[in-house]
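See the structures that follow.
Shared chain: chain A. Partners: chain B in the first complex, chain C in the second.
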Partner chain A sequence: MEFSYEVKDSYAEVKADGRLNMVSAPKLREFVTDVIAGGSSRIVVNLENTAFMDSSGLGALIGCLKAARQAGGDLRIAAVQPQVKMVLELTSMDRVLNAYASADEAFGND
Partner chain B sequence: MPSTPEVRRAVVIEDDPDIRGLLVRILVKQGFEVTQAEAGLPGVEEVRRARPDLVTLDLNLPDLDGLEVCKLLRQFSDAFIVMLTARTDELDKLTGLDNGADDYLSKPFSPRELQSRVNALFRRRQAPAADPAALSELERATEVQQSLLPKEDVRVEGYDLAGVFRPSRSVGGDFYDWYRTPDGLHLTFADAMGKGMGAALIAATIRAVMRSTGHRRDLDAAFASAALTIAADLDSSNSFATLFHARLDAASGVVNYVDAGHGLALHVTAAGSVHRLPSGGPPVGAWAGSAWPQSAIGLAPGDALVVVSDGVLDVFESVEAFTAAVYSATHGRASAQSASDAIMALAPAETAEDDVTVVVVRRLPQDAAA
Partner chain C sequence: MTRFWTRLVVVLTVILGLNYVAWRWAASLNWEAWWIAVPLVVAETYSLIDVMLFGMTVWKLKVRKAAPVPPADATVDVFITTYNEDLDMVMTTALAAQRIRHPHSTWILDDGARPELKALAAKHGLGYVTRSDDWTSNVPRHAKAGNLNNALMVTQGEFLLILDADQIPEPDILEKTLGYFNNRRVALVQTPQYFSNVPADDPLGSQAPLFYGPIQQGKDGWNAAFFCGSNAILRREALMQLGLVGYVKETEKSIRRALTASCSAIRQARKSADVGTPLVSEVLDEVEAATLEAQAQLTAGEPLSEITYRVRRRVDAAVQTLVQADMSTLQADLEEIAAMELAHVGEAGVPVVADDAVRRMAARDWSPLGALESVQAVLDALNVERNDEAQPVMPLATISVTEDMATAMRMHAMGWESVYHHEILAYGLAPEDIATMLTQRLRWAQGTIQVLLRENPLVQKGLKIGQRLMYFATMWTYLSGYAAVIYFAAPIIYLLLGILPVTSLSWDFFIRFIPFMVVNQLLFAVAGRGIPTWRGQQYSLALFPTWIKACSTAAKNVWFGRPLGFAVTPKARQTGGPSWSLIQPQIIVSVLLAAAAVVGIVRLATGLAEPLGTLVNVAWVIFDLVVMSILVRAVLYKGYQPAGDVDDGERKADGV
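For the complex of A and B:
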């Protein structure tokens, strides 16, 4: 899995490309924590190219959300693909992790 | 202490079989050679025989008070003694007294907590650590996981039960547990995040906590308090677990259940419909302040409650395709076992990456039950 990020006007966009599983989950956590530590606590994780997520991947997103809120910001997810959407719905985590159609819209009204 | 490396021995004195099993496994993982006793007097005899370096001692034993046992042990043993108690209010009193114990731990405890307490005790003495048996971590994790499955043959009149579990190469945190109650059956089905020893030990804790709340009649209250205990344990490991817990009233066929983030329980009716039971809230330990309202279904004669792990789901493109396939595998089967086998076959061992677990609770058709 590959990570990249870009600081936009009101948020930082993190891209996570590949499979978000037991191997890559700790790396995502570390990557996002670094971005938050760098001063951006409003984060959008763009999941456009994340085709698969398992329970460890979900755990990483939850951990990143906690970290962002802790730092006074928020974490939102965008461009969620079918399998990831399925995991979020089954686990009722769609109530906690808000999904937006695109990274632009995630903090559009704030 | 002799300077040659030697095996560290421990004796676990505990009457609750689940907690005892967990203690034994945690200590074995730490490299101890462990023996056990389920009451005070046999415990004293075991300590005399095994001459252990460590004793874990439950305060509330069926025959003698734990403090009495401790006094008896101190007459001949200088082992480290760790006392365990479920009553945290007792803890303050105990620690202030010179009871002969070296440390105290309140139940429920996390495996990590026990490990660090034990390590701290032994650092004081600097005993040479033994190489923890020849088993690999994976083999030990498998052992823990297998130990969680119900061993006794449970029968509920008018029902047919089956549970199948197939671990993957990289042991996950799946387990199911069931036991008889005066009214019918309690069923717990859980999947702890991640894989390996960590997930297996979390599963062991969940099983013990869920069993300990089984006597509470109010399902909402029982689940809420169990979830708090489990979440406290999970918090330190940044983990969570999906959990489905159901209580069957055999006479009426009513199943009251709570689903925390599992979402893979299905009601397959004799009439030919299938209804997936959506989860009532996030997994336990995932998000603070979560609540899990209970729901209910009624099992008519010939209906089945099917609970499946996500190892089966992974094979399908969508939840709809999964639901349809499980329905086809279940509907019209002559027994719960044949239905579980058919569901297992949906996720062939060669392709499944995760553990696969299936539980079927089928209410017998009226003609068969009569």
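For the complex of A and C:
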């Protein structure tokens, strides 16, 4: 699992490459918390290279969403792979988070 | 072969039971004494349903073979939950857990946050977890469920072995159970709870051989083995999934509620006298527009996070604009004042309202909405952060004080499978005094009834019919307190007043009643295969005040939000002396029964009563008294005294 981020015009893009599971989930939470602490509270998690995600990974995303909201911003996800899409549907998390086609579109209308 | 006999006896029980109870309803009711006749036949119907559910349970009794070999790389966290138990006890369990052979991490989950325990854990290289800072005093702690949910966020094992502080595990507990998880649908493996500090005659009815035996094996056959809070292994993925589903459900519910509340809060605010200023009224218009838009988006199925985000932004922007407008007016006034040279101003000539001030004025506590607390509160509730809980995701259910049952039921509803592994792999400590025992039983019963009232298994989506009935069966048994009162009342009424709830104690009655009773007892004997069930039968009747109290307190809790208040039971052992007051209702009932028997015999001797009716009812009284006699032994019980080792007897579980 590899994390990276890049500050764009109106948001910060976080990439989580690899398998986002119970082992890497807490690390994602830590990573995003640091990005928020660095001053970017509008976060897009780009999942184009996240081949696998389990419920712990999704749980970490909710933790990140909460942190972003508390900092006055928001968290969105983009470019989900089929397996991740399935997990989103299985847990009905697609009811909470919209999966955008690309990171650019995520904050397109706000 | 045993299965054949069990099923045969089940079929006979059902046939003879229906035959008897149908006749009771159709042809035997003494309508002149309907006030006892009807309750009695209702109680008997209750008991018939109870035994039929038991029959259904053992119908599919599953005797499992050993589990397959587990993958060597399965990662496991062993959780030892503790709150205020003796440190020696916790450490004995923790060190035994450390010695479990399959690779794992051992964690002490200390809800008491005791520095001494932290030091002991560090000294022995054990993990130590206390509640994170998110568990402020503003959010519910959820007792053991909260403790586990907190720990789930800071650990990473694929599987979790959960142990109460007194449950000393065998080193092979994981080797014998992990293999079941090779089936990727299995989320739970429960092993028995067995207590090592209980004498052979078990005066407090601590061992539950019928439950950790035929009942769990039967439930297992229906893929409905219960999670019992300790000595169980759980799959993290299943728990987290439950947490997510619960999060989405709760969030959607609270947003719906908040949007509805928002409309009425706006209406209320408009009526209030403080809303004279156009500024506030404009803000209210904007909040209303945002609310209506959000409702439309919710109906259209848009994602909850974006709906709430937009409402927030829209309201914030409106407030900002309006405050800015207000400030501009203020600024203009100041300039005017400066122009008139009435105000003392700086070099620049004009006093300036800093941008910062606008921002601060627009922030929550300063904004015009601050004056409209109800509207503000509603807007605060419009979020996806679940601020009313310490963490958004709560994997273990928190709807009941028996989080284990509620959690397992949700897992089953999600399609996960469970296993009951019938082999003692951990040794615990049972309460050693009646007060603690009663508190514990009350708590179990309360939790079970809470689940029944909050998430009735009969109507849970996702559960198969067999699973629904397996959960319902356990809940049904806890309603027995009411039936017991009627069973005590009927013989007293006959012996004192000569009023019989049946039209006659004739051949018709005995030919139906006796075969049913015999086959009923036979069912327990066959299904139990020689395990002692008498103690359990005694307690299920004798603890009727506990069951009634559990039902009434749980109902008040679920329907009216009253606290369960189970902490009130005094600790008898600590105050010294036998605590007869704890069984006062049972003493009163026993005295009434005995007195009624005496009166009944006198009435018989003086020709006021019939011999057959008196005989049947006196026998009934004797049976009741024998059942209740266990409580005398329970009150007088002085704790476990193992032969030649008195010290050990002092270690005892804290009970709940």
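In this text, the second predicted complex is superposed on the first by the 110 of 110 C-alpha atoms of A that agree within 3 Å, B and C clash if a C-alpha of one lies under 4 Å from a C-alpha of the other, contacts with A are read in each partner's own complex, and residues count from 1 in each chain.
Heads up, the rule we're going with is that a residue touches a chain if its C-beta (ideal position, glycine included) is under 8 Å from a C-beta of that chain, and two chains touch if they have at least 3 such contacts.
All figures in this text were calculated on a predicted structure; none of them were measured in a lab.
Chemist: Judging by the criteria at the top, classify the pair chain B and chain C on chain A as clash or fit.
Modeler: Once chain A is superposed (C-alpha atoms), there is a clash between chain B and chain C.
Chemist: Would you sort A:Pro82 into first (chain B), second (chain C), both or neither based on which partner it touches?
Modeler: Only chain B; A:Pro82 stays clear of chain C.
Chemist: Which partner does A:Ala16 reach: the first (chain B), the second (chain C), both, or neither?
Modeler: Neither chain B nor chain C is touched by A:Ala16.
Chemist: For A:Val35, select first, second, both or neither according to whether it touches chain B, chain C, the two together, or no partner.
Modeler: Touch partners of A:Val35: none, neither chain B nor chain C.
Chemist: Determine, for the superposed model, which of the two partners chain B and chain C contacts more residues of chain A.
Modeler: Of chain B and chain C, the partner in contact with more residues of chain A is C.
Chemist: If you stack the two complexes on chain A, which partner ends up touching A:Asn98: first (chain B), second (chain C), both, or neither?
Modeler: Second partner only.
Chemist: Enumerate the residues of chain A that count as touching chain B in its complex and touching chain C in the other.
Modeler: 22, 54-56, 58-59, 62-63, 90-93, 95-96
Chemist: Using the touch rule from the top, collect the residues of chain B that touch chain A in their complex.
Modeler: The touching residues are 191, 193-195, 238-240, 242, 261-264, 278-283, 286-287, 310, 313, 317-319, 354.
Chemist: Tell me, which parts of chain A touch chain C in their complex?
Modeler: 22-23, 25-26, 54-56, 58-59, 62-63, 65-66, 69-70, 74-76, 90-98, 110
Chemist: Taking the touch rule as given, give the residues of chain A at its contact with chain B in the complex, in rising order.
Modeler: The touching residues are 22, 54-56, 58-59, 62-63, 82, 86, 89-93, 95-96.
Chemist: Mind listing the chain C positions that touch chain A in their complex?
Modeler: My answer: residues 153-154, 156-158, 236-237, 240-241, 243-245, 247-249, 251-252, 302-306, 309-310, 313, 383-386, 391-393.
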